[in-house]
Amino acid sequence: MEILVCVKQVPDDSVKVVLNGSGQPAIDKIAPVANAFDTYALEMAARFKEANGGTITAVSIGPDEFKTSLKNCLAVGADKAYVVTDASYDGSDSLATAYVLSKAVAKIEELEGVKFDIIFCGKETTDSTTALVGPELAEKLGVGVVTCVTELALNGDKIDAKQETEEGYNTIEVAMPAVLTINKPHYDPRYPTMKSKMAARRKQIPTLTSADLGTDASLVGAANSAVKTISLSEPTKKQAGIKINEKTFEETFAKAMAVMTEAKIF
Amino acid sequence: MSLTDCKGIMVVIETADGAAKSVGLEMLTPAKEIASAKGTDVTAVMIGEGLEDAAKQAASYGADKIITVDNNDLKAYSEKHAAVLKELIEKYKPETVLIGATQNGKDIAPIVAGKLGLGCVTDVVSMKLGDDGKIVFTCPMYSGNILSDNVIDTVPQIATVRGGSFKKGEPKDVELPEEVVIAESMPYGDIKTTIKETVKEISEAVNLEDAQVIVSGGRGMGSAENFKLVEELANVLGGVVGATRAPVEDGWISRAHQIGQSGKIVAPKLYIACGISGATQHVTGMVGSDYIVAINKDEDAPIFDIANVGIVGNVMQVIPAMIEEIKKLKA
Amino acid sequence: MAYIISDEAKDLLADVKKFCDKEVRQQCKEYDISGEFPKEIYDKALEIGLSAIEVPQQYGGLGLDHITCAALFEEMAKADAGFYTTMSASFLALTPVLLVGTEEQKKWACNKLVEGGYASFGLTEPMAGSDASNVKTTAVKDGDDYILNGRKCFITNAPVADFYVIIASTNKSKGVAGLSAFLVPKGTKGLSTGKHENKMGIRTSITSDVIMEDMRIPQSARLGREGTGFITAMKTLDMSRAYVGCGAVGIAQRALEEAVEYSKTRVTFGKPICQHEAIQFMIADMDIKTETARQMVAHALTLQQNGKPFSRESAIAKCYAGDIAVEVALDAIQILGGYGYSKEYPVEKLLRDAKIFQIYEGTNQIQRAVIAKAAMRMRK
């Protein structure tokens, strides 16, 4: 089983992001981490590999610093990793990103002499939260896609994927190769072991550029992206009302009831 | 893409059991405003089975034209819906396609965008017509802590719209518009997925989006047992029960009640937050409420920053007392 | 920067911190109350290999240098000193094996830890704590075997250990020169453990008596020559002292961080208390003590790493760090005021945890005796 896991490095999503003086997200001081949903994807891929055998390759599009989270991926299940770095890709929207990824898939397949059976993506990233790249990548590759997957099982040359829905779940059969976008399963990603971490640090992560991928320059980057961000803002803050914290519970409660009754909210 | 002369706004309305989902009708409000400013019209699209009533609903909320693709094959949402929508876009050439940002909507949008090479934005919370005639779509990023204004260069263009972001218009008692296209089938193309089983784990109908009063509980409720107090308070107020992620993950209440980034986005008249600290992921989903009451024993809880009334106290004391008082008021 | 460590070590430290933040820090509270051994936390810790950090590479471990281990141990102690105690106690027991064990003994013991096990060092007895010469446990030669009888007390990890290093007398008449060390696998017939001590602090570590009743072990289980047990034990304690200091530093650092955080949010007389000089000076003193202790630990370990004499420095590191951990924890309680005294807040636990660092692995009085002897030698 040849498995590819797409990973994006994002600012730690437990930290609140605000805009800096020049109106851009102030993320330079926030620790970079692998997107949470991508870590779920990798864990699911690792468990799938443990059950069915195979190789897991992780790929990121982004600057060299993305190797930090790729090294972590190598410590928790990925066997190989590639980073796709090219200044011309900066500011690509989801469609352009899906295009670059589709080219990266082809290139890695060529380099490794394999064909990927399953491509795992996180359901969405915690930074831009568009949830678009996975299905768009599937369309670019001309393969099937199942979104919001929380479990999967091998079924001959097909996959049975459990898709979380608003009311429950579907079991969806999809032929391989396929793209799966992963939601939070009922388990947490494993921790790297001290040993796997040290081994991962010694692994090489090759860099691929636009020249390696042969991407069409007119289809990538901010200028050639369909979606253009024209400005960023912070949502208007709701004014805090009153906070009631009297000496005793009785006093606090009486005061709160008075305020709420006055506001006629009941 | 070689689609030229695209015009008008196509609003894709999802249905459930023959009725239009709220977000579909809500989207007609901004669609009509923008269409009238641009001198074009709004076409409602429904794909499913048994769509007559939903079509009437769409008409009463102001759709100028209606297209239904009504077919037993399309009863349950699947990849086929995306194939049908792609055909409709190619055939009717709208300038903008709006889709409700439900799970199905968010599934269909990128598939169609990918098939047709169209720009797409997700979870739109507001939109307006820019000076250059382009629609500016506002979308949340970083858990809703930052909003981005985007334009889309492609035509057609696709946007998924978050429920609760727009108010439904006043329904008018109208006949179906003259232009109703009913297609029974469309080519699906190469279908790669099969739904083998659909399981409904959540049987109760939880209508948080339309609720006037929501009483929500968080991790601070402490246990499934204590969480029942939240339900009791919601009952006496005639409201709906909401929850943050923690109680859902701990199995105190079903996923249908979850409010926030990974749940429902709500805007009731009254929102009572019990034992909720106020993490951004949750606040994003309820900050639009008219009046917020927060009960938390931690006086530094961020929920107090957005509450109209913040009660610093133990939920196990405050809620029962509140239930008593409200019962007296209502008696 | 606390310890000067490599980029690789920083990476490992970040992982250990993340693990402790998510799996130990909060979880240990409930076990601090119940006094129960949090097996599920330890299972995860063993899974990620925390029991192998000091095991030499040639025996399958990570073979990390002393300073890196200190940084990792401090992080563990910062999350929960009981957790630190459990993890470091296994290395305390491994040390005599590495010092005087045969190749076979080393391989066997290291493998136990690499595979995710625990170990116990059994020296202390009801009547022999600081005065190790009073050991009453006997090991009597019987053909090719030894038969051990006696009772060890306050033994960390005893109920869960995969192996024990036991110090017993093979020749009563020779006093300390008659002591020998033995490597005893768990499950040995005649070996049992007593009831879990209900301790003041480090309550997530498990401590009990080890009882030996006609316990027969082969001669091959002896560590080193007969009569070298006391020297082996003293060398072991010498080597582990600085690590005890680093656990104490972890507690002090935690106390400092808790106090700083609280002082920023608590407002009195119209401003956060961190803006009052009275509090600032307390915080400065807490930081001075913590960092000084840490650097003494680092210095002692650097000497050890470089093969230089380190007994005096290790004793200073252990003694000073143990003392200041108690002082800094007390100061943190003072800064948090009533909240500091309340079990709702984490700092009262730090004081309970810190106290043992003045007691175990050589009381601070014994450390002072060691230091004084060294100081007097210097004056010659």
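Letters A, B and C mark the chains as written, and numbering starts fresh at 1 in each.
Note that in this section a residue touches a chain if its C-beta (ideal position, glycine included) is under 8 Å from a C-beta of that chain, and two chains touch if they have at least 3 such contacts.
Computed from a predicted model, the values in this text were never measured in an experiment.
Participant: Going by average Cα coordinates, which chain is farthest removed from chain B?
Facilitator: C
Participant: Per-chain Cα mean versus the mean over all protein Cα atoms: which chain has them closest together?
Facilitator: Chain nearest the centroid of all protein C-alpha atoms: A.
Participant: Between chain B and chain C, what distance separates the C-alpha centroids? Give it in angstrom.
Facilitator: 56
Participant: Between chain A and chain C, tell me the centre distance in angstrom, where each centre is the average of that chain's C-alpha atoms.
Facilitator: Roughly 41 Å separates the two chain centres.
Participant: Roughly how far is chain A from chain B, going centre to centre by Cα mean, in whole Å?
Facilitator: From the centre of chain A to the centre of chain B is 23 Å.
Participant: What residues of chain B sit close enough to touch chain A in their complex?
Facilitator: It is residues 79, 102-103, 106-107, 109-111, 113-115, 117-123, 136, 139-154, 157, 192-202, 237, 256, 261, 269-270, 280, 287, 291-293, 299, 304-314, 317-318, 321-322, 325-326, 329-330 of chain B that touch chain A.
Participant: Any idea which chain A residues touch chain C in the complex?
Facilitator: On the chain A side, the touching residues are 71, 191-195, 197-198, 201.
Participant: Inside the complex, what are the residues of chain A that reach chain B?
Facilitator: 11, 13, 16-19, 25, 93-95, 98, 126-140, 143-148, 160, 164-175, 178, 225-235, 237-238, 240-245, 249, 252-253, 256-257, 259-261, 263, 265-266
Participant: In the complex of these two chains, what residues of chain C are touching chain A?
Facilitator: 8, 11-12, 15, 18-19, 44, 47-50, 52-53, 62
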